[in-house]
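Two complexes, one shared chain (chain A), two partners (chain B, chain C).
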Partner chain A sequence: MSEALKFHFDVDGDDFTSAGKASVQVKKNLRQLGLSPETIRRVSIAMYEGEINMVIHAGGGIADVTVTEDCIEILLSDKGPGIKDIDKAMQEGYSTASDNIRSLGFGAGMGLPNMKRYTDYMDIKSTVGVGTDITMRVNI
Partner chain B sequence: MKISTIKDLLDAKVICCEEGLSRHVYSACGSDMMSDVLAYVKDQAVLLTGLVNSQVIRTAEMMDMNCIVFVRSKMPTAEMIELAKENGMIILSTEKRMYEACGLLYSNGLVGNRVKNV
Partner chain C sequence: MTVEALKEHGFSAVALPEPDREITGVYIGDLLSWVMGRAKSGDAWITIMSNINVLAVASLADTACVIAAEDVEITDDIAKAAGSKGINILSFSGSAYEAAVLLYELL
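== the complex of A and B ==
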């Protein structure tokens, strides 16, 4: 692979039912590239959690996935409320999600820890009232 | 454990992808919280859940699971069944409650000891 492959997605914030569509598409694209099932699984789970977060907390956003020879990079960007305390948000079990979100099966406080667990690098830049940018990388 | 055995043990109805009943699963996960399911990768697992929405199908797909059992007689929507069919995901529905369904599978040998952290 000489040139980096890029995929761009707009994540709709109004429709919980369709949340995860971008991750499903990325999983399909990575399968076509012949990457290992474990790498594909790690990327798609991390991105799926991120996508769900953007839908339930931030009213949607954008996702950019870049595949190079060495790694797969996922950039998630939203203009949501931002994360007040990132250290707290990284703790397993800590969540600010409403009961309504919990009734949908999310908001267990595992999203961000899962994203870190499945990736080799993760960086969160967040400003309250402005939005959140998350960069994740999975080495190939 | 063969998926057809799971169907028999749980006295479950097959909702879709019946052609996959001869496939095997080696571990199981019972939860209504999808992020808890996403926390641990298991090889060729079955998901038991009482949660009914499209994200259940997507979560199972992300985890490379190949069978979902809805407990407490829960039934997936037509949209969920379509999503499952696209991925060859076998869907079962049982009247049994979560505790009993998990207990039956566990005591019959589906012990879920192949859990691994990635």
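== the complex of A and C ==
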């Protein structure tokens, strides 16, 4: 069995303008691996949404991407405020982002729904005041 | 049609690192996550958003080009970054609707 490929990223919480760096890098890496454009698109969109969420809500965090023979797994982990009501957060259009964030074009309440839509598996573990861990998998 | 061909129809090039990219559809929107969730690969994305995050969304959603409607200002920094990231940007003086009508006729 071939060994899994792993990529690790620190997502900077201060710099809004460079948010997306990790996702764009993952997109490049996956392209080099020769994965299908649709798989790459799904992974990078789901990861970008997660990255933006960590910047908007949690002051940054870490992202780990593992590529195995049959799937790509993305782990996002932050020590932010946590998600109070995950069911609500999963609804399209629900957002707690500030007006400032909205003026940048974010805060449409589509982040988590997009992450679910573009992945084959998604699990959210969140504790208020402690942080949030999200696991997503896209089958190859 | 290709992105470059838009130049003959009232769109002006801001950054065209991939001029031969084929346009296969159109999407209009300013909420970035909405666009990422709905725009298809190969779409011409019409928007009035002009901040740096537009580049990430265009890249990840794999749109053929960004069309900045209403002549919204694209700063030199962003144009430069678009060039280096392979993202086509054109500006258009009319509204998003007018751009869409024009594209409808061209595609």
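Observations on the structure shown:
As a convention for this text, the second predicted complex is superposed on the first by the 139 of 140 C-alpha atoms of A that agree within 3 Å, B and C clash if a C-alpha of one lies under 4 Å from a C-alpha of the other, contacts with A are read in each partner's own complex, and residues count from 1 in each chain.
Just so it is clear, contacts are C-beta pairs under 8 Å (C-beta built on N, C-alpha and C of every residue); 3 or more make two chains touch, one makes a residue touch a chain.
None of the values given here were measured: they were computed from a predicted structure.
Contact with neither chain B nor chain C is seen for A:Glu73 once the two complexes are overlaid on the shared chain. In the superposition on chain A, contact of A:Leu104 is made with both chain B and chain C.
Once chain A of one complex is fitted onto chain A of the other, the partner contacts of A:Arg42 are limited to chain B, with no touch recorded for chain C. Overlap of the chain B and chain C interfaces on chain A comprises residues 16-17, 19-20, 23-24, 27, 37-38, 41, 44-45, 48-49, 52, 104-106, 108-111, 113-114, 117. Looking at the complex, you find that chain C touches chain A at residues 30-34, 36-37, 41, 49, 51-54, 56-57, 59-62, 85.
Taken in their complex, chain B has these residues touching chain A: 32-36, 38-39, 41, 49, 51, 53-56, 58-59, 61-64, 79, 117-118. Chain contact summary for the complex, chain A toward chain C: residues 16-17, 19-20, 23-24, 27, 37-38, 41, 44-45, 48-49, 52, 104-106, 108-111, 113-114, 117. Taken together, the chain A residues at the contact with chain B in this complex read 16-20, 23-24, 27, 37-38, 41-42, 44-45, 48-49, 52, 102, 104-111, 113-114, 117-118.
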